[in-house]
Amino acid sequence: MTKAVLLLECSDRKGLVAAIMNFLVSEYDANILHAGQHQDAELARFFMRIEFECASELIHERVFAERFRKIADEYNMRWQLAESDVKLRVCLFVSQHLHCLADLLQRYQAGELECEIALIIGNHPDGEKLAGFYGVPFVHLPIDRDNKAQVEQGQQRLLAEHRVDLVVLARYMQILSPEFVAKWPARIINVHHSFLPAFIGAKPYHAAFNRGVKLIGATSHYVTSDLDEGPIIEQDVVRVTQGDTIPDLVRKGRDLERIVLSRAVRWHLEHRILYYGNKTVIFD
Amino acid sequence: MTKAVLLLECSDRKGLVAAIMNFLVSEYDANILHAGQHQDAELARFFMRIEFECASELIHERVFAERFRKIADEYNMRWQLAESDVKLRVCLFVSQHLHCLADLLQRYQAGELECEIALIIGNHPDGEKLAGFYGVPFVHLPIDRDNKAQVEQGQQRLLAEHRVDLVVLARYMQILSPEFVAKWPARIINVHHSFLPAFIGAKPYHAAFNRGVKLIGATSHYVTSDLDEGPIIEQDVVRVTQGDTIPDLVRKGRDLERIVLSRAVRWHLEHRILYYGNKTVIFD
Amino acid sequence: MTKAVLLLECSDRKGLVAAIMNFLVSEYDANILHAGQHQDAELARFFMRIEFECASELIHERVFAERFRKIADEYNMRWQLAESDVKLRVCLFVSQHLHCLADLLQRYQAGELECEIALIIGNHPDGEKLAGFYGVPFVHLPIDRDNKAQVEQGQQRLLAEHRVDLVVLARYMQILSPEFVAKWPARIINVHHSFLPAFIGAKPYHAAFNRGVKLIGATSHYVTSDLDEGPIIEQDVVRVTQGDTIPDLVRKGRDLERIVLSRAVRWHLEHRILYYGNKTVIFD
Amino acid sequence: MTKAVLLLECSDRKGLVAAIMNFLVSEYDANILHAGQHQDAELARFFMRIEFECASELIHERVFAERFRKIADEYNMRWQLAESDVKLRVCLFVSQHLHCLADLLQRYQAGELECEIALIIGNHPDGEKLAGFYGVPFVHLPIDRDNKAQVEQGQQRLLAEHRVDLVVLARYMQILSPEFVAKWPARIINVHHSFLPAFIGAKPYHAAFNRGVKLIGATSHYVTSDLDEGPIIEQDVVRVTQGDTIPDLVRKGRDLERIVLSRAVRWHLEHRILYYGNKTVIFD
């Protein structure tokens, strides 16, 4: 027996859930472990996540695709199947702030993140020792004014070589080109150190300080070609007071960044996120 | 077409969801509006809430019971069906602190609570004017050392006369007898002014102050014969500091009490709560 | 003996606190009940709030001003003295959404807000009954396309007649003219139904829904001539999910609006807020 | 010029603040950087924290004690002076769960914790590599049924040798003897994985799961001879649902443990905590 997760999206129609459930029971003799669904009434779209258990040989994507085709075609579904035992391969991009990197690596070692961290790429060498301690390869690709396109080619080559499924920008302080982003739809997760859409862009803690807000936030999101405009995955906030200086905001914010980024990564790895338009559906 | 909510609980078995969905589609030609499920792995129990739409004449409980019997028997289900358009009838019990009463009545008037508040019973007369303003009958049943059993009989009579479905203790400062409680299983909601199970019993804000906690809480729960031990529906907390006196805790706590009680009432009215053992399942 | 609150602001200089404390002890034989201070290091500004007790005859503003002048001049202070027993007079402005009005009136009756609610002005008649229930005069001044300036004159006249100290916009859906606002510096409190500076302007819950945020917020602030740009007094947030529709956001947001507005009003009434540049200092 | 923090406690009396401020200004020519105070009205006790700057030679504890004696005696004060530049020396006690250790070491390296982590003592060897990575000595002192007293002697010796000021139990799964605790009053900080006083003792996440709470918490506190009864320093909570298993609670709880423990340690290191009776005063 093997566990798998089916994620799907289609127009909302009568009989849909019954059809899917019947398929899983009659064709797959599946044991449903958990099922969650969401309807967007305005767009009349239906979203579902089903965690199930079935005979191992039936779980291969090609086998499933063939058998599921009839229903998928009938309802015009967008779907994906993931075997729970197959760990996604992750690459972390970092710069000089290492708190998110240290946090993700510690969670990884503690077994919180079901993945293989295949590689860490830094535009600064600062993360190298930490990578080494946790036994993850580190590649230093320094970026200057002139070599950005070339570095991105190197990054793409490394991602391909290491068969990476997900890129996590763990406080990576560079903006990826639209060309790079286009190759990784819903497969790059970033953390922005503000409560988006407030304080888009550079130095959000300075902006928050200057505006005199009483809470600061952090946001994890999929990266799209519009900076800080991608679909939000998770957000959290913490209270600040007049006594907090900008360094205090930075320090308090680091706790938020760690939490919202690690949640987003975990949910992605557990196939809990569906992405449509500029929004995410997060399944429990 | 009419909307209805089916809540059910049974042992977890393969094919369960498909069987239920097939029933609703083939026998009822139902349109599933929302479905949520929960499995308790340890107890191997399955819980489900389905919001659906079907022809009005099929929704009556007797009709449904007859048709659903085969599945219900096969899986040994505990189930209940509620027509969304049929509003539950609610009775509020109050004493002298009126903040929860005022809050519930204002939400009721604003259309947040889909129910009929049929009656307010107070052991003090303080709530009468507010009841009058919102057009709800108020009955004053004063309690002294000797008349408690008699007053409870009067309360039961009034609940029967007004065909009440749900009793809400909106800071009612009396303890109901086990006999009273036994007649209203999972149909009495109370708010306790602490983060249960901390500070069970009288004067929880004083106890919290003396223990020097940094957060205070409030808890809404179904009432069982064990005081403050019933299944928890909702909890929330707020930060306190050394500067907060007991009156400050009382004031801050009132905001929590309003929120956790009103959420519990709303969820009950929308048939979002299943109750098993000493726990609740809350469906989104 | 009478209690009073001294709020002051000046350049930060050595000896400042000692000078103020010496004055209060030697000239006023005062008993310091609570003192809080804040320094803005960047601007080198100092802010202080002192709650003290002294002989009643010394507390009159003119007496205090005369005695305090030497220090105030020496340190070039901006200061204000408020006798704790003198309640501020408040006017609430409302439209059709009554949840903030109901909440403030209930808190007022429960003794949470140390003030005199002198008057409620509505551009719609909806709040009149609630005002009547709590015994507060209500004036209906309907606004149309053409009479806004005239209505504002009427409002100003009423505020003068009722000797109003503070105007609270309790979900008042009109924009006050810069001329009106200029007459009430740091004396108009508004609640905006978003986590400012996100979603400035109209229909913030719709904007939040469309952006797919995972938390929604509300903000209370002093009104300045820049819409939604005034100094923030308090903010709070609540979690939302994909399952929440716009009406759900509106409902969840109402709880936030009540809380952040009522806190702001209470802090103002207790002279806990100092306002400088576009920020507030909130003293515990 | 040197920075220092004066923490003091005494009976609340008129003229107290002025006397202290005058002393600092006239005797020390001090520049007050920040001052916070708290009064416990019930006990008539006064608490104060003053951060100030003065000539370096005046800051030595013996010099200060001599000069301050007159005031200290007059008001019968309990006080302590700490030079900001002198870092406290910290020893971390750990067992097998390393998330708090990893978190504290990362914060230490990032400059968030102004201290010298002199030593890590583990009753299991698991923390050794992490200690080595951050360059902190690690001593493995295994504990069995019979050697506890002996191990505690070894620990005490190590603490003395390394001139340790503060012991932090970073998920140390052993109970210290009353004799050990008595030697370190208000100098041992522990993290308990529940919202105290709920779920005192072993396996609090299991207890929380079984009680069906809707929020779980964590608490950092000074250790006294009463298990889990010491003065609370910080608490925080996170929402859980029926979908969360015990391992989910453990995982969610780890984030809380990291946060409440690291805040407590930082506040202690910055001399922001005063401890009286069974409560703490936390100065901003």
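Remarks
Labels A, B, C and D are assigned to the chains in the order they are written; within every chain, residues are numbered from 1.
Everything that follows uses one rule, which is that contacts are C-beta pairs under 8 Å (C-beta built on N, C-alpha and C of every residue); 3 or more make two chains touch, one makes a residue touch a chain.
Every value quoted in this text rests on a predicted model; they were computed, and no experiment measured them.
The chain with its Cα centre farthest from the Cα centre of chain C is A. With centres set at the average Cα position, the gap from chain B to chain D is 42 Å.
Averaged C-alpha coordinates put the centre of chain A at 37 Å from the centre of chain B. Within chain D, contacts with two or more other chains are made by residues 241, 243. Chain contacts here are complete: no pair of chains fails to touch.
On the chain A side of its complex with chain B, the touching residues are 14-18, 21-22, 24-26, 29-37, 39, 239. Across the complex, chain C meets chain A through its residues 38, 40-41, 195-199, 210-215, 217, 231-237, 241-243, 245, 277-282. Of all residues in chain C, only 98-99, 102-103, 106, 110, 112, 129, 133, 241, 243, 251, 254-255, 259, 284 touch chain B in the complex they form.
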